[in-house]
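Data first, discussion second: the structure below is written as structure tokens.
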Amino acid sequence: MPKGFAVPRSPLGRAAINPPPPWHYSSEVIGVDFWADPVATAALLPEGLSPDPATNGHARVLFSDSQFTAQDDEFLDPARYQFREVRVLIDAVWGETAVTYCPFSFADNDAALSRGWMQGLPTKLGQIAQTRSYAAWSEAAAPVSPGGRFAASASAHGCRLIDVSVTLDRREEDGRSFFERPTALLRYVPQLVAGQQHRPAMHELTLLLVENVRTVDMWIGHGFLSLPEVRGEELDALRPLRMNFGFRCGMAYSVEDLRVLQDLRD
Amino acid sequence: MPKGFAVPRSPLGRAAINPPPPWHYSSEVIGVDFWADPVATAALLPEGLSPDPATNGHARVLFSDSQFTAQDDEFLDPARYQFREVRVLIDAVWGETAVTYCPFSFADNDAALSRGWMQGLPTKLGQIAQTRSYAAWSEAAAPVSPGGRFAASASAHGCRLIDVSVTLDRREEDGRSFFERPTALLRYVPQLVAGQQHRPAMHELTLLLVENVRTVDMWIGHGFLSLPEVRGEELDALRPLRMNFGFRCGMAYSVEDLRVLQDLRD
Amino acid sequence: MPKGFAVPRSPLGRAAINPPPPWHYSSEVIGVDFWADPVATAALLPEGLSPDPATNGHARVLFSDSQFTAQDDEFLDPARYQFREVRVLIDAVWGETAVTYCPFSFADNDAALSRGWMQGLPTKLGQIAQTRSYAAWSEAAAPVSPGGRFAASASAHGCRLIDVSVTLDRREEDGRSFFERPTALLRYVPQLVAGQQHRPAMHELTLLLVENVRTVDMWIGHGFLSLPEVRGEELDALRPLRMNFGFRCGMAYSVEDLRVLQDLRD
Amino acid sequence: MPKGFAVPRSPLGRAAINPPPPWHYSSEVIGVDFWADPVATAALLPEGLSPDPATNGHARVLFSDSQFTAQDDEFLDPARYQFREVRVLIDAVWGETAVTYCPFSFADNDAALSRGWMQGLPTKLGQIAQTRSYAAWSEAAAPVSPGGRFAASASAHGCRLIDVSVTLDRREEDGRSFFERPTALLRYVPQLVAGQQHRPAMHELTLLLVENVRTVDMWIGHGFLSLPEVRGEELDALRPLRMNFGFRCGMAYSVEDLRVLQDLRD
């Protein structure tokens, strides 16, 4: 039988797109925290989740430039496993639990796409770029310090979808508190059998579980976000009404579990 | 609820990665028909399929440069929906039925990747190129005629995986007979929940159903195939022992159904 | 000494980016003929060229999906030598000679970029896609016939720069007359030596010479063109005031010469 | 007249591929220092340079993951200006001056390609990846410390050209001494005019001048390098006979000048 954890697996197991969990990540993160139209955010939530009465309309765009590894030194195969990703997160509640929900995500690597789909992320392929901070100073180094400026962008199929910029103001000691809400996702697999195409084979509301979370060098400041209207996309539904703040940090975590909140098939 | 047929779907339905079936394709195909080590082909078959006693070891590499459309003029959005793909197919039987099985496939487009996974194709992202025949004659036109030469290649993560070349000899009137065996696939979705990661949520042996198949301008001739050894891949297991023939044709078909042959869980 | 015709050459001559001329091309072409603001087109012309009193403001966007070969079967190395390109052409005169001038061009291949720069084309890297006509009929085939629709797009750095669509109306017997004006270009090489950076080492007005031109299956019809405003680009200066027509054809030609019209260094 | 320093320039100056110098860089560098066949390195040198009697055969592969800026905050447009590059450098002498010569270089960005060609670098497009060190610790973080492992790879047209790995051993206090030899290059522009194609319009031996060089966190250790044979490339001529060491550092510098050593047109 084919071997490997996630699709696509491979007959001999050497060519599986992903190793089995635990999956370890370390990333440089740039993001903007903002308020969108509460009617729009509520309209994006799936069955099982409700608008958070306290924060409905609150949302985030989170870019990450990441290295991945599992058990086989995948960090030494950067052509195959490094990736850049962006997630859009909106506040919601699952029963009494405050969560975020991810309606949109893009990544530039097929192994990341596969891991995302296995968890319920709606990841599509995109081209993602973000200003990076370098150790050796020059005008190009973008040091992490007051007034430091960073930008990030995401595009798909040659159309710009997201532009973000952040001007750093001050260091935040408690970076962890920025990521307190766990992320709810939808695992969905359709049936292609004729006559059954509207009854999914799998439809689960899931909760992304992350372990060993570390945030370092969390800085916040002024944030700017643009979500232009693009044919075949719908990010512009979350057009920001008001910026909250921008931020930049290092972040590491591991994934080795998933919680299934609810089976959404009737 | 999110709308759209396949993962990733989207909250408003405009940004779903794929429209619902029927899916229509038209392609330019370049391929090589060959014999690999029968022990190797038998070792690649999943549960439910057996080596074909008559043709075990017989295999094909099939490149296609394709246009896709469904109900919404997707052929007018080539940046999003045109794609190039390669499939490796090996002979097998399901009970008494002669089929091919696809252990390896690469495509250069995420919508094609998603449609593939929904059917059970093990598609990974790759860069694919094939010599094309142009209407206006010059030394670069590669006309379809006796002695005409064509080449195709597939790479992933910057490593060359497949090289094919074909020298046309003669036109075959009955192009359909080249594609008589339907293709068996594996639909597989793991569970990521801790403790259940070795029990898949879905594991189906499926049969790809194609409608309205048209082949035009089928030519056959000499074929050459190279499957170099690459770290993290295993195509070299099918290293050709003997070339059968090369071919080139136009082909069109539609997909709107799938047959589930067998549930492979427990 | 390094070997090879164009930069980059290589020490042993096997790795030169391009073979020496003659260079042969065959292409599928989609274009839109339109009228822009005559003030804008005049402002884009370099020294040596003047607005054409008869047609100032007349312009074209020309997409081509091309195969290239020279003396060494380059058409059998499609991963290295196939390419897609778009050129913007505006009418001008050089003395009494009616020409077009190319202020903007994008291609998706470094060998094409190098050949372009050697001739004076201002080619930058871009992602280019165009609807293609396939021989095997399906809803995806886009046949060349009355009412047939085609689209093309160009993007760079994840921003959409050009969108074109064409609806075919009728076949034109005399395709050659569409390409009567030769194209004037600028060969420019700066000096990087401090103090001399404003005195170019080379600055020539050139005329692109093409041989063996063949056009086949020229169809014209309704054309649409969009040139959105993008930061860091200036194609929107040519925003169309009025569409003339759209067209689609096959085209082949060879390049083995260049005419230097004028040395523009003082 | 078109505006902008380097080709391609643009009519209005907003779309020039590169701003004028000074150009500022900050990079993460991974490299391997090695010995190749002295006959091979001598054979790669152009007119004007001679093998270094003391170190002929000595060579380096230098990967850099870089951010670029000039006068207009280009570091805030990472989709357009970030880039990754690899250079191969071999020891040589120009008269009495010890230099390195760069016979091969690849980069993944057209603005970097253009700057390279303006200086004389033989840069072709490639896909480049290198293990990166992240601030937030996890198994994926690749910290810079004894035993730390890093890898880098370069590919072009879907073929792997260079694989490098480094295992860090110890910190070197004097990182600058690693980059003492300046790099000699060839600026070359052919003529395409028929009958003059073998007489270049420009052929200069140049010396790359860098200012404000800073190296930080220089670590050295064990290095490994693979240069496989690839059709259409010739890096394998420098197949390593003996590894010297591997290294990793941060590096910043500026470019605003070039020295022309010699006009090579007879």
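As written, the chains take the letters A, B, C and D, and residue 1 is the first residue of each chain.
The working rule: a residue touches a chain if its C-beta (ideal position, glycine included) is under 8 Å from a C-beta of that chain, and two chains touch if they have at least 3 such contacts.
Fair warning: this is a prediction, and the values are worked out from it, not measured in the lab.
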{"item": "Which listed pair, A-C, A-B or A-D, duplicates the contacts of C-D in over half of its pairs", "value": "A-B"}
{"item": "Chain pair with the higher count of C-beta pairs in contact (B-C, B-D)", "value": "B-C"}
{"item": "Whole-Å gap between the CA centroids of chain B and chain D", "value": "39"}
{"item": "Distance from chain C to chain B - Cα centre to Cα centre, in angstrom", "value": "34"}
{"item": "Touching two or more other chains - residues of chain B", "value": "77, 79, 127, 129, 153, 155, 157-158"}
{"item": "Pairwise touch network: line, ring, star, complete, or other", "value": "complete"}
{"item": "Residues of chain C defined as touching chain D within the complex", "value": "1-2, 5-12, 14-15, 17, 20-21, 43-47, 77, 79-80, 103-105, 109-110, 113, 117-119, 121-125, 157-158, 186-194, 197, 201-202, 231-235, 237, 255-260, 264"}
{"item": "For the chain C and chain A complex, residues of the former touching the latter", "value": "127, 129, 153-155, 157-160"}
{"item": "Residue ranges of chain D in contact with chain A within the complex", "value": "24-28, 66-69, 73-79, 82, 127, 129-132, 134-142, 149-153, 155, 165, 212, 214-217, 249-254"}
